[in-house]
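The same subunit A turns up in both complexes below, where it pairs with subunit B and then with subunit C.
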Partner chain A sequence: MAEELRLVSHWSQRVHEVRIGATKQEGGSRAVTLTVGGQGALPFLFKEGALPHPPLIAAEVFDVIDEDWPETLCRDLDGMSRDPVRWAGTMIKDVQADLVCLKLSGTHPDGADKPAAEACDLVKKVLSAVDRPLIVLGCGDAPKDNEVLPVISEATKGERLLFGDVVQENYKTLTAACIADGHSIVAESPIDVNIAKQLNILVSDLGLPLDRIVINPTIGALGYGLEYAYSIMERARGAALSGDKMLAMPFICFVGQETWRTKEARVPESDSPGWGDARERGIMWEVVAAMAMLQAGADILTMRHPQAIRIVKHAITELMKG
Partner chain B sequence: MALSGLDIYKLLPKTNCKKCGFQTCLAFAMQLAKKAVSLDKCPDVGAEVRALLEEASQPAIRLVEVGAGDRRFAVGQETVLFRHEEKFHHPTAIGLIVEDDVPASGLAHVLKGIHALEFERVGQKIGVQAIALHNKSGEKGRFLEQLKAVRAASSLPLILMTSSAATLKEALAVAGPERPLAYCHRVTDLASYISVCREFGVPLAFRASSLEEFSGATRQAVQSGFADLVLDIPEGRAADRLWQLTQMRRLAVKKGERSLGFPTMVIVDTAVESEAVCQAAAYISKYANILLLRTVKPEHILPLLTFRQNIYTDPQKPLQVEPNIYPIGDVSKDSPVLITTNFSLTYYTVLGEIESSRVPSYLICMNTEGMSVLTAWAAEKFGAEQIADTLVKFKLADVVSHTNLIIPGYVAMMSGDLEDKSGWRVLVGPREASGLPAYLKNL
Partner chain C sequence: MNKVVVTFLPDDKKVVVEKGTNLLSAALSAHIHLNSSCGGDGVCGKCRVFVKTGAVHAEPSGRIRPEERRIGAHLACQTLVESDCVVEIPPESRLDMSVLSKEELALRLRGIYAPSEDVQEAARPVREDFAFQPLVEKFYIQLPAPDFNDKLSDLERVERAVQEKIGDVPLHTGLANLRRLGELLRTSSWNVTVTVAAKGPAFEILAIEPQDTSEKNFGLVFDIGTTTITGQLVDLKKKEILGTKATYNRQATFGSDIITRIIYAQAPDGLEKLHHAVVDVLNEMTEALTDECRVDLNDVTCACVAGNTTMIHLLLRIDPSHIRKEPYVPTANFISGLKAAEAGLKINPHGALYCVPGVSSYVGGDISAGVLSCGLFRSADLQLLIDIGTNGEIVLGNAEWLISCAASAGPAFEGSGMKSGLRAVKGAIQGVSVDRKSLDVTYTTIGGDTPRGLCGSGYIDLVTQLLGAGVVDKNGKLNRNKTSKRLRPGDAGYEFVVVFADEKGLAEDIVLTDADLDNFKRAKAAIYSAVSLLIRHMGLSVQDIRNIFIAGGFGTSLNVESAVATGLIPDLPRDKYVFVGNSSLAGAREYLFSRRAAGACDKIAANITYFELSTDAAYMDEYMAALFFPHTDMTRFPSVKYEKDEGPVIPSALKPRPCL
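Moving on to the complex of A and B:
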């Protein structure tokens, strides 16, 4: 055996580091700030390059929830879901999620159509209930998001929150607000490397530094097209490490949101004999999707079920023992 | 590792004598690289070059077949590190560990659980591949007895994890023709295991402690004429195991390292089931060809099998469903009619939701060349004109007595146009399939 049995990839660039949250000294109010990105290697290959930050789990919290969440999930959230502030607090203190991802579904014009002031008030309450960083997501209706999110951005100026999502057709308003108020942004592209890159260019052209962008590659649920985003992420991360700085952003994957729409996470045992315990099945559907995304390079996983969060958090700790 | 035309050219006589039927040696080399001709056409290549070219035409990672009959499976022959580079070829085989000291009643229960681990997803059957019988007792008699009981109750291929080559030999005397995968836990025992496996013609998985040890052991085995090997990654931290799996795949595929070009196996031996599932998911992603687990709960295995199916889907070929009108449930001439694309993910998602609504319906699966609703619409494969033509082609008017057609919510914008072109009344369904049960019940 003359030659050494080792084949190490030499990468030319690291993923941009994005810091979320600001302490008092920095002009915010967080006790803890978090950093993602910074990788100089593929996921969990510690012998190949720097992997300075563990992937994070952001607990999904909604201002208003869809009524049709499966019974087992509702039971496990134990009434919290009616009280987003308590919900956020519990997910941080008891469940030990790294941060909170607050989705303002209730602002949607087709839904509760809550006004900007009410949404802003809720964000402030969540910020005072938890001392960790926050992700704030709009409802997905472009005109309404453009009305609501800038108000929240301004009211939380200096907190260095992560706001989302901007898309190719609607990025200017929120980006401008985040530039002005010192926040970062989630840039969403429809399972497409080229659009992801294009949107990052557009957003950075407006003046947002590259280390304040996180890519949402739009994942599918386990069994529902998860492999598309999986491969898009592998391709984008490969390009990033090879020197494409317009793709060298951390990834956020909306695991909870996708998981809990699937049949497998929802149907009771009585309707699916042979699929096993419904509660555990839903949890593992979320867990396996999260584990898959971690292997594809995810930096932030948004997750919903408290038990799924605990399981994946433990798995991340194990994986990070390099 | 595959050689390029130019690599091969360098090995040919370079006389351009045309005896092979080609004008030049280079032209012949190009065809050889494409595997379009046989090397035999050139009478002038020497034995040494022949051997070199034959070696190069072997796959980077060997294919190992386990089992006999319908349930047999093959692993290995992977060609890439990332599925988008081509595809992953042979899905990770999942085997379940059964101990030889489980009493008869317990064994029946475990086997029943294992046999229930078969599911259907997007038109494909997915399930576990093997039972790994572990010689936990360390006793030969106990192992052979348990083997008999397992063979009587199950037709799944076996992995025989005996604690000695002597026990393996007796086990193979009965189970050998079923081509089980033998397993050698200590590399120091490898030679005696190999001689037993050679005698019965069965493949062998073995554990070593490092890439160097694996490499040395496989070289020796191959030199002795035995190459039906599987490499079992030693226990250790997840990141270490992922590193070894990645190195093996890379060295074999990218560097043509023959001594590591064998399928891999990982045993997930964690007592906490949720942790086992997490680890298993990671190893399905990264290069385990055989994965042994202990949990037999469907709520643990189904997500893993589903993930495996996702990862091993050919990225260039989305699964498609045969276009047709499909009756779902106890349909009549008054049943509602829905239309969707033949991208199997879309089709089976819609199908599943219609089934759970329990409203008997017709589902038209339209040929969109495997594109999903919005993509097909954008590509003009799922537009008003194409849908109108499809309704005529499938003679929908003969199937139902009404003229209502439900289209996906995402293409609501074509409603008017489609009504004009088809003469059918268009109803706009929900955007997401998950909205279908509520929609159909309130129709």
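Moving on to the complex of A and C:
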């Protein structure tokens, strides 16, 4: 029988707890609110400190889907992906995702260029279709996001949603809107622990409390820089537990987004017979990235394939048993 | 024949060149120096000229606006002459060759070791750390005439007399001296003055002159910087400083940084041109100094130069190309036993040239000289020397050990590559205060002149003030949400107007742009991260350091408070900082004044360990962490607090309300 290692010292700080979603009494409309963060130890090391909240899976839902998605994924999402409201509902009720991550790709000026009002309308519809918290992501075009997201922020005031992403070059408008309307923010940095911290400082300098920031450290899928992401997250979490409050935020990892653009998840079996069944391969590629990110300290995983979500959800339940 | 005549206005200088010569070269042939930071690559846009008449072939450049092109604007370096032509040179394109003003020089030279080292002032007490015993001495000797009892040869007779003065040391002399010696001794009735130069462990008889001229022994001291050259005439008999002058390094015509110049040296005649550019400056300065002090050039027996390794290579016309190639090995660090004439210096033809030895390709003799003059090498306590320039050099240590590193900061602190940047010349804004509410700017300029631009110390003050006023965020971006007539969109990103052109009758507003802030941030991060990494590499903390010496062209007028607030230098009690101004010149002077100092300095150069930052993986991380104001790790700057950013104005549809 292996000898138990004796714990000689404890980490000095816990990760900030971030609450997502607000109930009716709190000024929102959610039946369920969720909390991430609060860790006093590295992932799943229950004997070293408190790990009060299980990691969450947010189902990726898009207002407009990319025609470029692999066939097997499209087939598995068929029937819902043309209707984001139904898509969100299914992912919560049937697939049992913890929350929804709605990306407003359709607002991009190079794409459908949907107006703010339409995007806002969709967010409201999704909010009424599901009773769980929501993550709202802009299209990534700074001027357009600065136009659209504040409108949604105001319209959903009090719901305590998670808005994203702010980056070093564009953080002021969305941060100000979230401060005013009581939302939290996803702060994105390019696989760089220094920039992650710098952005947190900038955002908190504007007046956003530290427990309303979630770090998007930027990840790569398996084979595309996963290990870089892992080491940056490990470093940031180590600094957080050692007392750096400017890095002590939960992580959100965009697993689905990164996985489904890899060659390995996309190439049909006909093109590469040696790689085996395309559907299974894509699912497993997403699962493997998600599992690695859990070990790196991810608090929220955004995922795309229903089957991958089910597998990882089960794994989290098992891991949380300690 | 394919010759054409180019006439330059307003000088009305004409020059005959081959068809197809570019205007930058043609101007140089006419002895007109144009600004050219990029060395003629068409990148910097500083050599703008107007072609009035004649045919030229010009490559299109984004540096010339269409409306300017219509009135004949061209980049001189990208424009080839095809026929006789007339070219007008606007004042801003001309390299400012004027000798620095007195105030400016006093400012540059102000430091603890040369408190009142003024251009015009002569006698100056020098630190008495080393016995005064110059590297070149003159001895008047009255020799006994030979007879049948004393049949020593003429040379041995002279050597015997000299050795009585300086001890039993090896002595050499040249053939030219020997050929004249017999006649000289006899016509001067055996009374001669011997000039003896220390060359390593041996000595050389440089010259033998009739009668007593031993009172007239002078030397020159030069600090050859990438941007500025400072020279001093000293009396080696009386231990006095007779005069000091500073001017720009004319090599700037061929590129503003070392690497560009090394590359230029590979071009045909490139090395030759670079060599002449610097030698000409030294010779002109020598002539001006000797004229003013009424010193005969023949009585100037030696020169001592300190400069970075590349500058010394170029002065000696040694190919510098290996300095920029891995593993960065120079041709020589220790260069001794040279004659000034070999390098083209016009002093006494037998005069000696001393180069303060360097440490490595990127830590040169200017740093060894700095360590000598600041006394790091004999301090019991830990001390640090930071020489801030285009290259930042850092030396850490004490009497027992010394370690150095070099970081490429870029020329931002010297005003290069900045929209309204200016070197520390007359009219450069060097001190700035910004009203936190109205954002009104008050400033001081060098020499009290009309402002022409901002120099390094001006930028440091300005950035600190704008951080304090919430106009610049910690990331170094101008706050677009602040409303002020001084904040506006510019060519690239936003800009903050420091001085409106119409208020002072300038051609353009003096501004600080987002791009300038980026350059500034990179420069300060390079210096700070090098300092920080060097200290960490030795397993020490900044608190362990007793004194920090700041040297460099702008160090003299540096506001310590601002330098700390921007994160350029560590947040330590301000009294730990000591400004030494031009420590390189002071060190070179000590070198020349004392054989012991020279010996000590040679040891310093040999003993300094060079720490290569570029191969250290931690440097990039340190650098990224320093790319923030004052630093990503705020615990390193506990005394720095900026005023809180009030945040942006929310779009009108979204009036800010209290948070939940």
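Keep in mind that, in the parts below, the second predicted complex is superposed on the first by the 314 of 322 C-alpha atoms of A that agree within 3 Å, B and C clash if a C-alpha of one lies under 4 Å from a C-alpha of the other, contacts with A are read in each partner's own complex, and residues count from 1 in each chain.
Throughout what follows, a contact is a pair of C-beta atoms (placed from the backbone, for glycine too) under 8 Å apart; a residue touches a chain by one contact, two chains touch by 3 or more.
Keep in mind it's a predicted model, so treat the numbers as computed, not measured.
*Asks:* Just from the overlay, do subunit B and subunit C fit on subunit A, or is there a clash?
*Replies:* By the criteria stated at the top, subunit C and subunit B fit after superposition, with no clash.
*Asks:* More residues of subunit A in touch with subunit C or with subunit B?
*Replies:* B
*Asks:* So, A:A31: does it touch subunit B (first), subunit C (second), both, or neither?
*Replies:* After superposition on chain A, A:A31 lies in contact with neither partner.
*Asks:* Between subunit B and subunit C, whom does A:E234 touch in the aligned arrangement: first, second, both, or neither?
*Replies:* In the superposition, A:E234 contacts subunit B only.
*Asks:* Once the two structures are overlaid on A, work out the angle subunit B-subunit A-subunit C from the Cα centres, in steps of 10 degrees.
*Replies:* Computed from the C-alpha centres, it is 70 degrees.
*Asks:* After the superposition on A, what does A:A50 contact: first (subunit B), second (subunit C), both or neither?
*Replies:* In the superposed model, A:A50 contacts neither subunit B nor subunit C.
*Asks:* Which of the two partners, first being subunit B and second being subunit C, lies in contact with A:Q198: first, second, both, or neither?
*Replies:* Touch partner of A:Q198: subunit C, not subunit B.
*Asks:* For A:Q168, decide between first (touching subunit B), second (touching subunit C), both and neither.
*Replies:* Once the two structures are laid over each other on A, A:Q168 reaches subunit C alone.
*Asks:* Mind working out whether A:A117 is in touch with subunit B, subunit C, both or neither, as first, second, both or neither?
*Replies:* Neither partner.
*Asks:* After the superposition, pull out the minimum Cα separation from subunit B to subunit C in whole angstrom, please.
*Replies:* So the smallest C-alpha to C-alpha spacing between these two chains is 8 Å.
*Asks:* Where on subunit A do subunit B and subunit C both make contact?
*Replies:* On subunit A, the subunit B and subunit C contacts do not overlap at all.
*Asks:* Please output the residues of subunit C touching subunit A within their complex, sorted ascending.
*Replies:* 473-475, 477, 479-481, 621, 624-625, 627-628, 632, 634, 644-645, 647-648, 650-651, 653-654, 656-657, 659-660
*Asks:* How about subunit A: which of its residues touch subunit B in the complex?
*Replies:* For subunit A paired with subunit B, touching residues are 1, 5-7, 42, 44-47, 222-227, 230-231, 234-235, 238, 261, 263-264, 267, 271, 274-278, 280-281, 283-285, 287-289, 291-292, 294-296, 311-312, 314-315, 318-322.
*Asks:* Within their complex, state which residues of subunit A touch subunit C.
*Replies:* Within the complex, subunit A contacts subunit C at residues 22, 27, 150-151, 153-154, 158, 160, 168-169, 172-173, 175-177, 179-182, 192, 194-195, 197-198, 201-202, 205-207, 246.
*Asks:* Where on subunit B does subunit A make contact in their complex?
*Replies:* 82-84, 116, 119, 121, 211-212, 215-216, 237-239, 242-243, 246-247, 250-251, 254-255, 257, 260, 274-275, 277-279, 281-282, 285-286, 297-300, 302-304, 306-307, 309-311, 313, 315, 345, 349, 352-353, 356, 432, 434
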